[in-house]
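So that you can tell them apart, the chains are marked A, B, C and D in the order they are listed, and the count of residues begins at 1 in each.
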C-alpha cells in the first residue's frame, strides 16, 4: 500500500521536473521493517509499484530479486535509515534550481521565508536555516562519511550533494514530499532573488 | 457543491505551483452562511471535498469537527469574511514570483498592463494599482491588525504577506481564482522585466 | 466540430499559461460562414463547446444569443476576418514572455531561428521577421485603426498589443495554434538571450 | 508496439515544451529493420501511432505512403541510422534553453554535473563533456556533411543545430529520451548559472 502511494508520488515528482533522464531513486521502509528501493534504469514517468525491489539493511537485493540491480545510490538510503530510525520514506530530486544553488557552497541557507516552517522542527519564519551540501562522489562510502561528519546538520530532513541533487526523508510519503517540495521552492526563490 | 468546485480549483492551483509543501489553506462561505476551511496538513494535490471542516465566524471547529485542527491561518480567513461581507471564497497562494516581489516593499505595484482589469473595479489598463504587503508574523492577531490598518488598500481583493504568500477573495471560486491568477501573472511579468 | 476542436485547443493553451485570470477570447468561422466567439467571463480551464455564441460580421450577438455578452474584444476578431478572408480561427494569448517583450517597442523582431519557419510564408531561418506591436487601448476602434495602418506588417498572421497580449490567426485551429506557439517560444528565447 | 511507445513519448515531450508549433520530427527502426518517421505537419500534442510513415534507408516514402510527405529533416534521420547502426530511435527537440545556449558556439560543454552520467559511456560526474553544435541550414546535405566531419564528437548520442534544436538517438525509446532530457536539463542549469 505504501508502495502504491510512493509510486503515485514519484510520478507526480517526475511531472514537476525532479527526475529528468531516468535519474533519481526512491525507497521506503514498510510497517514490517522491510526496505524497498526502486530498481535501476526506470523512466520515472512510467514507474509501477512492482518496480521496487527488497533490500537488506546493508543494501543487498533480497530474494527473489537477487538478479536485479538496486539503484546505484542504495548505500545513501541505507545510511539514512540507520542514522534516522524513524524514517519510513526517502525521496531524491535533481531539481535544477537546487543543483544550481549548490555550486561551490558548503550549505544552502534560507532566512525569513514562511515556507521554512515546512522543515522538521521549524515553527517560525524568523531565523535562518542551513541545509548541508556535500561534495559529489561516485564512491558511496565517501558520501556516507560526509553524512556522518555532518550528522548534526541533518536535523531538517534534507541534504544536498553538490551539482547532483538532494535527498529528503520522513516518516511518511506526505512528510518526505513536503520537505522535498519546500527545498526546491526555496532554492527557486533564492535564485530569482539573486538573478 | 461549492466544496466540489473549490476542491477542483485547489487541485488545479496545486498543479500550477501555488501550494508547494502542503502549504496554503482555502475556505468558502456557502449559501446558508456556513464557513468551511481546509483542515491542516493536506497535500493539496490529493485534496478531497471532505477535507474541509466547518468553523464558526470566530474560527473554532464546529461539531462534528471539534477534534480536528483548522489551518493555522484560520484567523485571516475569519477577518476577511468579516471585513468583506460579500466574500464567498478565499484562496491562498505561495507563488514564488509573488514571494520574491514582496521582499522589502510595502506594496507591489503594476502599471499599464491589460491584465490589471482582472482586479475588482478596474476597467482600464491605464493607471497604476498597488497591492498592500504586510510583514509576516506567526501571531495571527498582528496580521489581523495590519489588515485593519490598511483596510482602504484592500479594494482589489488581494493582499500579500511578505516572504510568505497572498490571499485573494471574491464572491465565487471564479472571481477569487481570477484575482489569484492575475496577481501571480503580474508579479512574474515584473520579475522578468526587472531581471 | 470545429467548435470541439477549438475548445480542446483552448484548454491546452490555458494549461500552458496563455489565458491567466479568465482573460483572452477565441473565435472561428465555420464552413457555412458563421462566426462563433467565446462569451465573456469564462475560466478557460473549464471551457465547453457551448460557451461560444454566434455573432454577425459586425460583432452583434445573433439569436438566440442576444442576451449574452460577446468578449470585449469582439471588434478585433471582426476586423481580422474582414482583412483576411481566408481566416477560419483566431486565437489570443496573454503569454507573459510576449507581454514583457512588447514593452516600449513598435515591433518584436527575430533573426536566425529555425522556428521562424512556423510563420506564414517563411521558408528559411535566414533573415529577420518583425511582428507589429500596437499601443493598447480600451477603445477597440483605436486598435482597429492601428491594424489598418499597419496592414502590410500583418503578413505573418500575428500582431501584438503592448503590455496586453497577441492575436494569431489562420485557416484552421492547427495553423493558428502553430503561429501562437511559435511567437510565445521566440519571445521566451529572446528574453533568455537578453537577461 | 515500438510505434505506440514512441507515440506516448512524443506526447510527453510535447507537454514538456520540446515541440512547439508543430515543429520536430521523430523516427524509429523496428525489429525487422523498417524505418518509420513522423509525417509532416502534425501537432505533436495530438500525434497517433498511425501518423508515422515507412521510409527507405535513403528517405523515400515507401508504399502505401508514396503520396505523403515525410518530415523535412528526414535526411538527418537517415544519416544517423547509417552512422550508428545500433540506433533504434531518434528524437528531436526545440527546447528553448538548448536553443539559447547554442547561439554562437561550436560546442555546448558541461562539467561536474552528476547528470552527465546519463550520456552514453559516461560513468562519473568528473570531467567535461562537449556536445557539438553545427550551423543551421535548409539544405540537409550541408548538415549531413557537418555530421560526417564531426563524427568523432557524436559519441554521446546528441548533436545540436544552432538556433534550431537537437537530435538525441539510442537503441530504444528509453535510451533516446534519457539523452534528450539530460541535454535539456544541463542547458537549463548552465543558463541559470550564467544569468
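The working rule: contacts are C-beta pairs under 8 Å (C-beta built on N, C-alpha and C of every residue); 3 or more make two chains touch, one makes a residue touch a chain.
A quick note: this is a predicted structure, and the numbers were derived from the prediction, not measured.
One copy, subunit C, sits rotated relative to the other, subunit D; on C-alpha atoms the angle is 90 degrees to the nearest 5. Taking each chain's centre as the average of its CA atoms, subunit B and subunit C sit 31 Å apart. With centres set at the average Cα position, the gap from subunit B to subunit D is 44 Å. Looking at subunit B, residues 195 sit in touch with two or more other chains.
All chain pairs that touch, listed by label, are A-B, A-D, B-C, C-D. Only residues 20-23, 41, 43, 45, 94, 96-97, 99-100, 103, 136, 138, 161, 163-165, 191, 195 of subunit C touch subunit B when the two sit together in their complex.
Subunit C makes touch with subunit D in their complex at residues 12, 112-115, 118, 123-126, 174, 177-179, 181-182, 184-185, 188-189, 192-193, 195.
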